[in-house]
Every structure is written in C-alpha cells, then in structure tokens.
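The data blocks that follow each hold one structure.
Each of the two complexes below includes chain A, the first together with chain B, the second together with chain C.
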Partner chain A sequence: MTPLLLAQGLAIGLVNGALYILTALGLTLIYGILHIVNFAHGEIYMLGAMAVYVFFVVLQWPLGAALAAIVLLAALLGLAIERGVFRNLRGQWMQLLVASVGISLIIQSLSWIAFGAQEKNVPSVLPGVVALAGVRVPIERLAAAGVALVLVAALYWVVYRTRTGLAMRAIEEDEETARMLGVNADRVAAVAVALGFILAGLGGAFVAPIYSLNPGMGLEAILMSFIIIIIGGLGSITGTVLAGLAIGVLQSIGALALGAEAAHVLVFAAMIAVLILRPQGLLGRG
Partner chain B sequence: MFRSFIAAALTAAASLAAAPALAQEAFKIGNLSPLSGPAAAFGIGINRGIELAAEDVGTFTVAGRQYKLELAPYDTSLDPGKTVAALNRAVLNDNVKYGFILGAAVHGAVLPIVRQTGFFDIFMGAAGREITNAENPTVFRFMASSDQLYYTFTPEIYRKLGIKRVAFLGPNNDLGRSDVRTLKDVAARLKGEGVEFVGEELVEINAKDFQAALLRLLARNPDAIDTNASPTGTVGLIAKQARELGYKGHFISSTAVLEAKALVSIAGAGADNIVAYRIWSNPPTKLYQEIAERHEKKYKEATLGTVWEAYAATRWVVEAVVKAGSFDTRRVAEQLAGSTFQFHPYGPASWGGTKSHGARRQIQTPLPASIIKGGKWEPLDVRMGTLE
Partner chain C sequence: MTVARVAALLLALIVLPFVATPYALHVAIVVLFNVTYTAALYAVLRMGYLSLGHAGFIALGAYTCVILSVRLGVSPWLGIPAGGLVAGLFAWGLGALTLRLRGIYFALAIFAFGEIVTAFFRAFDWFGGPAGIPGVPRPAFLGTPLASHFAFYWPVLVVAVLGIAILYRLQYTRFGAALLTLKTAESERLAESVGIPAARYKTANFVVSCVITGTMGTLHAQYLLFVNPQVFGSTMSTDLLIYAMVGGLAGFWGPILGAGLLTALGEQLFSVGYWKTLVYAAILMVVIMVLPGGLADLPRRLRAHFGAPR
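Right after this comes the complex of A and B.
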C-alpha cells in the first residue's frame, strides 16, 4: 500500500466517519437525555432526505428554504411523538422500544405509499472534488462533514452551555430530583426529542445528494448509528464523534487492505469486542 | 310505478349476479419481483409488461373454456426469504401456477419449491446454467443470461473499446459470485489478446458507499469495471464515486437494463462511458416503439427496462398454454421449448442452451450494446454471438 493510497483511504474514512456522526447524533441525544432507544430515528433521517427531494427537486424551493422547512417539520413531528407516545410511556423502556419500532414501521409503510418504490436522486449542489497532494475528496462530502462538525459543536453548546442543556442533564441524572428543583421535565424532554428529530432530519438532508434515496434507506442508517453509539458509549456525544471517525477509518483502511466485505466484518467484530471488553462503550458511564 | 321500478331493479341485479357464471375465468400470472427498494424498477416494469400484454391477448380459449389474464403481484424486495414466502403464498394460497420470478440471487432458495410444485417460473435474471437446466424443466429464462452475454458479447466489446485490464464490483450474493467466476473465465480465455482480470470487490447488496472498495480496485489501474448484477441506482453511485476518485475508464453492465436518465441524474457527466448490453438506442422493431408509446401514455413515464421482455414472455407463455390446450406446466414447458415467437419487441425469438445449459430454456433474441455519451445512450457497433 503506497503512502498516497493510505492517505486517500484515511481521507475517505474520516469524511465517511463524519457522515456517520451526522446520522447518529440525534439518536445519541435522545438516548443520552431520556434513555429512549429510538428505532424511528432511521425513518426521520429518511424523511429528511425525502423532504429535500420534495422541496428542493420537485417544488424547486431554494435550498435554504427547504432546510428551514425540514427543521420545522422535524421539530413538530418530534414534539407530536414525544407528547403522544414517549411521554405516556416514560420510564418503561421495553414499551418505549416497542413503540418506537411501531412508529418506525408506520412511517416507513406510509413513505412507500407516498414516495413510491423508485429510487430518488438529489442533484449535487456542490459538485467537484478537492485535490490536495493527490488526495481527492468530493466537495459535497466535505461540506456534509463540515455540517456534522458544526452540529456537534452546536449540540455541545446546547447541552453544556445553556439552561435548557443544564435541565436536560439534570433530568438525565435524576428526573425526580430535577422536578423537585423546579425543572419542567416534560418541556425539557419535548425539547430533547425535537432536537434529536431535527438532527436526524438534517442528517438525511445533507446526505441526500451523496446517495440515492428510497423509503427503506433508514434501516441502513440506523444500523450504523447503533454500532457507533454502542462503541462510543450510549448517550455520549464525544463517544459518538470518536466512534464515528474510528469506524469510518476502520472501514476504509480495512477495505483497502482486506477488501470491502472483510471491512464490513471488521466493523461488527469491533462492536462485539467493545461489548465484551467495555460494555458501556468507549466513553459511556459504567 | 315504484313497485315495478323495484322489480325491474331486482331483476337487473339478479341478472348481474348470475353473469360471472358465463364470464371468462382468470388465468393468474404472478409477478414475484422487487416492487420496493433499489431494484423496484425491474419489478414494476414486469407488472406493466404483463398488463400491456393482457390488453393485447384479451380473452383466449383453453380446453373449451374462456380465460382472461390477471396479474398477481408479490413484492419480494429481491430477498430470498421473502421470495420463498411469496412463492408459497402464490402456489398454496392463491392457486397461481405461472409467474415471473426476478433475480438469480433469489433462485437458490426458490428452485426446490419450483421443482417440487412444478411452478412455471418465467425467470428474469442473470447467472447461467445453475438455474436453467434439465433439472428445472419448468424454468425458462426470458432474458439474456450472464454466461450468454459474457461469452458471446464481452470479447467483442473489449476489442472494440481496447479494454485490457478488467475489474469487477458487484453484490456479494449468488449472482455476483457467479458473474465474477464467469468474467474471470472470459478474461482467461482472452489472455492471448492481453486481457487480464485485475481485481474483484463484492459488497453488501444494499450498499450505497463504494469509495473504499473502489479505491482498492483503482489501485490496480483497470480499463473497465464490470458492474453486472447491480441495478441502475447502484451503477450510478459506483460511477459517480469512481469518477470522484479520478477513474476515467469504462463501466460495463451486461444483464441489468439500466436507465440512462437515472444514471445521469446520479452520476452527472460521470455516467459517460457506461456500457450496457441490453439497451436499444434505436427501436429494433415497430412493436418495440408501439409498446414504448403505449407505456408512456398509460403510466406517464419513460418505459421501464423490463417492460418489453415481460410483455413478450407473457404473450409467448399464453400462446404455449393455448397450443398445449392445458395449464399443466410440464406440458406447456414442452410446448414452449419447441416453439419460436414472432411478437418479441426485440425481434424473432427462439430457445437455445441445449449444449451450454443442458436444456432449451434460454431465450435467444437479437440484442444490442449501447454506451452513454453526453448523457444519452448511443449504439455500440458490435455483434453478439449465439449461445449453443
């Protein structure tokens, strides 16, 4: 393997890792604050991608307007599902898990009807490639990776630098005590779910021009998201970032050295190894 | 007055209720194909091909009774387990004895049931003699097989385009593994002409990111990447991602019917130099053109790639049923294997494969090769040989 090939492999891995972070961030947030394993996350991601197709390609809205509409719709959907389902089952993890699977199936089934079976494509807004010392990275992927980093920073700011974030961490730590101290847990939970849905929707929106879209695309996304948050540590934002980048690099260097299928196996092997050696994940709390 | 109106209405209703006894019976043709997911366009195209054929066939008589075609669709998502479930449902629950089953990759799972039940498998898929052979007498492949195209077409394409170094990127399933074996054999046979097989990457069938796999392949400097066994959307993504990594060579897809518009929509200018073997840049027959026009009028979109072959297969099978005077699938299979067909949109059709597959179950029709230039299919002037 030449140094250039290795450098290209690393670049692909890091950028793909950033895309994984983009996909997994919302899942981490909702689990981290509310301990809900949200199986519907993949479908919100899919809806974000489909919404870009509808607003930007079909209706030909400006991209900014399409993204604003996605943020708004994802937030409203998050608030509705939190109020209608999650709040009524709070603290019952098995019921919540089954409910989120149900929501996922309902959204996916309705999406097959609404969007049809044909693959959809969103044309690249930022075509072209950045080439640096022979290493080539598509601009649209670089931009999506940049968005991922901005969203990570924004999430840190919300969780660690705002009163809402403080309240989120308080109910994550001990909801009863937080309530006694005057925290409106229902409102905070609603905000957390809305934020998680916005992150999922934006994840799908920014990945849409890179891949083709269909209503089943959420399944692949949620599988990789689960692998990342399990390795990183359930609910840990830093863990999600590290695991996303590590998995991206493991996949690309593994594929380069051993082949694509072997790299796929490596990812699952890494997850199993982490589950055995450090069940709480790299940065999760034991 | 009111009473006589009621009496007349009741009489009319009673006559209508009795009418089905005199009406035609349904001859159900199943379509066990992906109607959702990345390969959905293939299955939807078959649905439409059957519907258009049903319009042309109208009613037909078998053993003194009148029949009319009826489509029975089953979504398999190209998943072997779902296809087995669909076939069991079709045969055991819905009394469907004839049907399209799409995908070589699902056939390993369904062939035991096909053999056991005598289901008439109107097979749309690639691979080779592992599916159409003497052990599966009711399986007829109504599209070109991988080995047929690889052995009779590929060498000419390589010569025409000056391709010497060939790589394969496809799904890690029965079809992908079978195709890469055949391609390696073709390359070995052309070794004297300087052709070399330089690498293969088999990936998950639903994969959408091929950058890492492509990087490994591109390090071996291929002139052509064979993307057989992948649907349009996947080929488009492979082309797009390979171009992003600086690849300038050809992509070759022999068996999948690729949609140029979708390829260009995904890969942009990167779709140029995608070669496909079953794409007609110019209509080969008047019937081909008529079907395309009817399809666009009826379904309000460009004709999906599998429509023409599904149309021909449906009409040919019905013709064999009528000539056999029976729905017994083995009798119809014998009748069909000995027949030729003049209403194929690609041109006159017959059966081959006696020597190579051990049974006359492989369709032979005129076939073209095309290449994308400037976002559109253009004819590639090569002639396909015959599968013995």
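Right after this comes the complex of A and C.
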C-alpha cells in the first residue's frame, strides 16, 4: 500500500467517521439518560435521508426548508416515542431494549411499504472534488463532515454550558440525587431523546446525496453506531467522537487493503476485542 | 403443563402428518423449527441475558451441515450432530468471553456476533458468498431421500421434542434453579459465596441452548434446500425474541406458545415480508405496553379482571 493510498484512505475515513459520529452521538446521549441502547435510532437516520428525497426531490422545497422540516419532525417523533413508550418502561432494560427493536421494525416495515424497494437517489447538491497533494475528497462529503463537526460542537455546548445540559449530566451521575434536588428527570429524558433524534435525522439527511437510499439503510448505520459507542464507552460523548473517527479510518483503510466485506469483519473484531479487554469502552466509566 | 396434556399434545403431533394437507404440514414443520429455537433462546433469557444474535447459531449449524454435505460429500445424517457441535463450540468460546458482561453489553456483543457470522459467510465464495449455497441434500432413510413434507416431518419432530424435553428437564434441576440466581451482579456474587460456580453454569447453559439451536438449524437448511446469509440474519434473531416476549417470559411454555401462534399466523396471512414484520412488531408493542406478562399471562389476567372470587 503506497503512502498516497494510505493518505487517501485516512482522508475518506475521517470524513466518513465525522458522519458516523452524528448518529452515534444521539445514541450515546440517550444511553446516558435512559440507560438503553435505542435500536430505532438507525430508522430515524433512514427517515432523515428519505425525507430529503421527499421534500427536496419530489416536492422541490428549498434545501433549507427541507432540513428545517427534518429537524422539527425528528424532534416531534422523539418526544412522542419517549412519552408513549420509553417513559412507561423505565428501569426495565430488557423490555426497553426489545421495545426499541419493535419500534425500529415498525418504522422499517412501514417505510418498505410506503417507499418500495426501488433505490432512491438525491442529486448532488455540491458537485466537485477537492484535491490536496494528490488526496481527493468529494466536496459534498467534506461539507457534510464539516457541518457534522459544527453540530458536535453545538452538542458539547448544550451538554456542558446550559442548564438542561447540567441536568443531563446530573442524572447521568446519580439520578436519585438529581431528582431529589428538583431535576425534572422526565423532561430531561424527553429533551435528550429529541436531541438524539434530531442528530440522527440530520445524519441521514447529510448522506442522502452520497448514497442510494432504501428503507433498509438504517441497519448499517445502527450497527456502525453501536460499534462506535461500545468502543468509545457508552454514555461518553468524547469517547464517541474519537471512536467514530477511528472506526471510519479503520474501515476505509481496511477496505482499501482487504476489501469491503473483510473490513466489516475487522471492525466487528475491534468491537469484540474492546468488549473483552475493556467492557466499559475506552473512555467509559465502569 | 400436566403429564396428561403433554401426552395429548405429543399424540396430536404424531397423528398430525397422517391427516394434514401438505401445506398444513409445511406450517407444522416451520412451527417446530421456531418453537425449538425460541425454547432454546428462553433458556438464556431466563438467566437474565438477552441473546440478540441467536440466529447466528442457527446459521453456524446450517452452514456446517451444508458445507459438509455439498462441498465435502459427507452424509446429511452426520451433518446434523456436526452442526450442533460446531454451534456449541462457538457458544462455549463466546460464552466464556462475553457472559461476564451484563445487560446491554452482552446483548450488543451477541448482536455483533450474529452479524459477524453472516458477514463471514457473505465474504467468502467457498461459503457461498451473498447468494448462498443451493442444492442442499436431505438425508435418506432406507435408501430414499426424505423428499416429501411427510417424510421430513419426522426428524424435525424428533429433534424438536428431544430439544424441548432437555430444556424443560434442565430447568427443574439444581443447575436450572441456580441459573435463576444469576440475574443481577449482586445475586450472582451471593450465589458464588454459597458455592455455585456462576461462570461455569452460565457458559454451560448457553452451550446447551446453542447446541439445540444449531442442531435444528441443520434440519432447517435441509428443509429449505439452500442456505444464504439473509435467512438466518438479524431479522430471524429479532423474530425469535418477539416470539418469546409475546408469549411471556414468566414460564417455560410462554415462549413456546408465542412462537407457535405467531409462526402459524405469519405463515398463513402474509406473503410479503414487510407486512409480516409490521404485524409481528405491532403485536410485540401491544404486549410489552399493556400485557407485560405476555399471552401466557392472559388467562390469569382475565380471571383477575372478570374474577370469579377465590
């Protein structure tokens, strides 16, 4: 493998990693508060991508209006699912997990019925390629990754600089004490789920012009997100960011060296290794 | 269930192939597959571990048998125990490594394992690649292959009854009772302090579950006449979980009831997979939200509600 190919793999890997982070961060946020791994998260990502197709391609809305609608719809869906399902099952991890699997299957099968198996394509919004010292990255991916990193920064600000973020961290630290000190845990959980869904919906929206879309695309996204939050440490935002970039790079260089399917197995192997050697993840707390 | 009821059920299962249409027999065979898998999954759920990738062990059994018979020319009869053995060996290794993880960590590890298994078979052409392996031979009895539904029903019934009997019996041994104490980290420490080898028990239980799952998987592949990475993928794993949850996790027969009812329903009503998944998932949500004990708990709830006073 030449240094140039390695640099190319590194660049694409970092860009892909930045996009993975968006979906994975929502998962880690929800885990921190509710202690569940939300299996329906991949479907929100898929719906985000499909919504771009519906609003931007079919209905010909301006891109900004389409993205605003996605943010709004994702937040509403998050609030509805938290209120209708998650809140009633708090404290029962097995039921919660299986319920999120059920929600995921419902969204997915409804989408297959509504959208059909025909792949959808969204035309490129920013065509062109950036080339730097021989390393070439499509502008679209670079822009999407850039916006993703801005959103990550915004999430840091929410979690570490606002009262709601303080309440989130308090609940994560010690829910009982936080409740006693007057933190409204239900409201915080609703905000966390809504924020997580917004991130996942936007994550899907940003990849819409890059991939062909079908209702099964959520599975791939949720798998990568699981692997990333396990490696980074469930509940750790910084861990998720670092693991997302690392997995993006591992996958793209692995695919260049060994082929795409083998890169998949490699990424899984990395996760199993972390689970065995350091189950709490690289930056997780036991 | 009383002895009389079990005997009546067995009798019905033996008489069934002589009176049923080939289609009804097909449904019965698929029900037996899923009932056995779900009973095996329940053995793991019962000790507080959510196996989200149990179909991976079906795939291991199925592929072992298919590779042996199609690629290496080994008798399909030998493939049946070989598939169970391979599934058991993987369960032993994986269980030893991951059963000390708790809750969500174990669930995700097994979910990833199921995905690795199918990704592996998809990655190599010798294992059939994405298209899988067609032309899987069925075993022969007295020189004739078990080609009809009627003939193939019998080995499926034997493995199902043996598997379920073993799982049922194990539950009521000291071993089976000890497993109930391993549900949380605290009670597990307590159990260890009175001399229960928790790690060894958990692994042993996981291996038994997966051997039975893998053994049935070999017959499943022979019945379908092919294998591919999709049939025993994550959808199968979540289906099994839905059967168990809908049936109810409080007792041995709940998951079996759930698997039987939902499989029969799924085979009857829906030709397109999406509708089946939608109906399964909707039933699952209703059960989780309003009937936490599952369908097996329904008679008791109805009695309590409309209540003959006791």
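The rule we apply is simple: the second predicted complex is superposed on the first by the 283 of 286 C-alpha atoms of A that agree within 3 Å, B and C clash if a C-alpha of one lies under 4 Å from a C-alpha of the other, contacts with A are read in each partner's own complex, and residues count from 1 in each chain.
In this section, contacts are C-beta pairs under 8 Å (C-beta built on N, C-alpha and C of every residue); 3 or more make two chains touch, one makes a residue touch a chain.
Predicted model, so just to flag it, every value in this text is computed and none were measured.
S.K.: Quick check on the superposition: with chain A as the shared anchor, is it clash or fit for chain B versus chain C?
M.R.: clash
S.K.: For A:276, select first, second, both or neither according to whether it touches chain B, chain C, the two together, or no partner.
M.R.: second
S.K.: Who does A:214 touch here: chain B (first), chain C (second), both, or neither?
M.R.: first
S.K.: Examine A:261 and indicate which partner it touches, taking first as chain B and second as chain C; both and neither are also allowed.
M.R.: both
S.K.: In the overlay, answer first, second, both or neither for which of chain B and chain C A:95 touches.
M.R.: second
S.K.: Can A:112 be said to touch chain B (first), chain C (second), both, or neither?
M.R.: Both partners.
S.K.: Between 132-140, 204-212 or 276-284, which chain C stretch has C-alpha clashes with chain B?
M.R.: Given the superposition on chain A, chain C and chain B clash at 132-140.
S.K.: Shared contact residues on chain A, chain B side and chain C side combined as an intersection?
M.R.: Shared contact residues on chain A (touching chain B in one complex, chain C in the other): 112, 259, 261, 264.
S.K.: Using the touch definition up top, name the residues of chain B that touch chain A in the complex.
M.R.: Of all residues in chain B, those touching chain A are 34-38, 40-41, 43-44, 77, 172, 201-204, 206-213, 215-216, 219, 232-233, 236-237, 244-246, 262, 265-266, 268.
S.K.: Show me the residue ranges of chain C that touch chain A in the complex, using the header's touch definition.
M.R.: Contact set of chain C toward chain A: 45, 48, 50, 97-98, 101, 103-105, 107-109, 111-113, 115-116, 119-120, 122-123, 234, 238, 241-242, 245, 274-275, 277-278, 280-282, 284-285, 288-289, 292.
S.K.: Once bound in the complex, which stretches of chain A touch chain B?
M.R.: It is residues 2, 5, 8-9, 12-13, 16, 112, 117-119, 121, 123-124, 127, 129, 136, 138, 211-212, 214-217, 220, 251-252, 254-256, 259-261, 263-264 of chain A that touch chain B.
S.K.: Quick check: in the complex, which residue numbers of chain A touch chain C?
M.R.: Per the touch definition, chain A meets chain C at residues 35-37, 85, 88-89, 93-95, 97-99, 101-103, 105-106, 108-110, 112-113, 219, 223, 226-227, 230, 234, 259, 261-262, 264-265, 268-269, 271-272, 275-276, 279.
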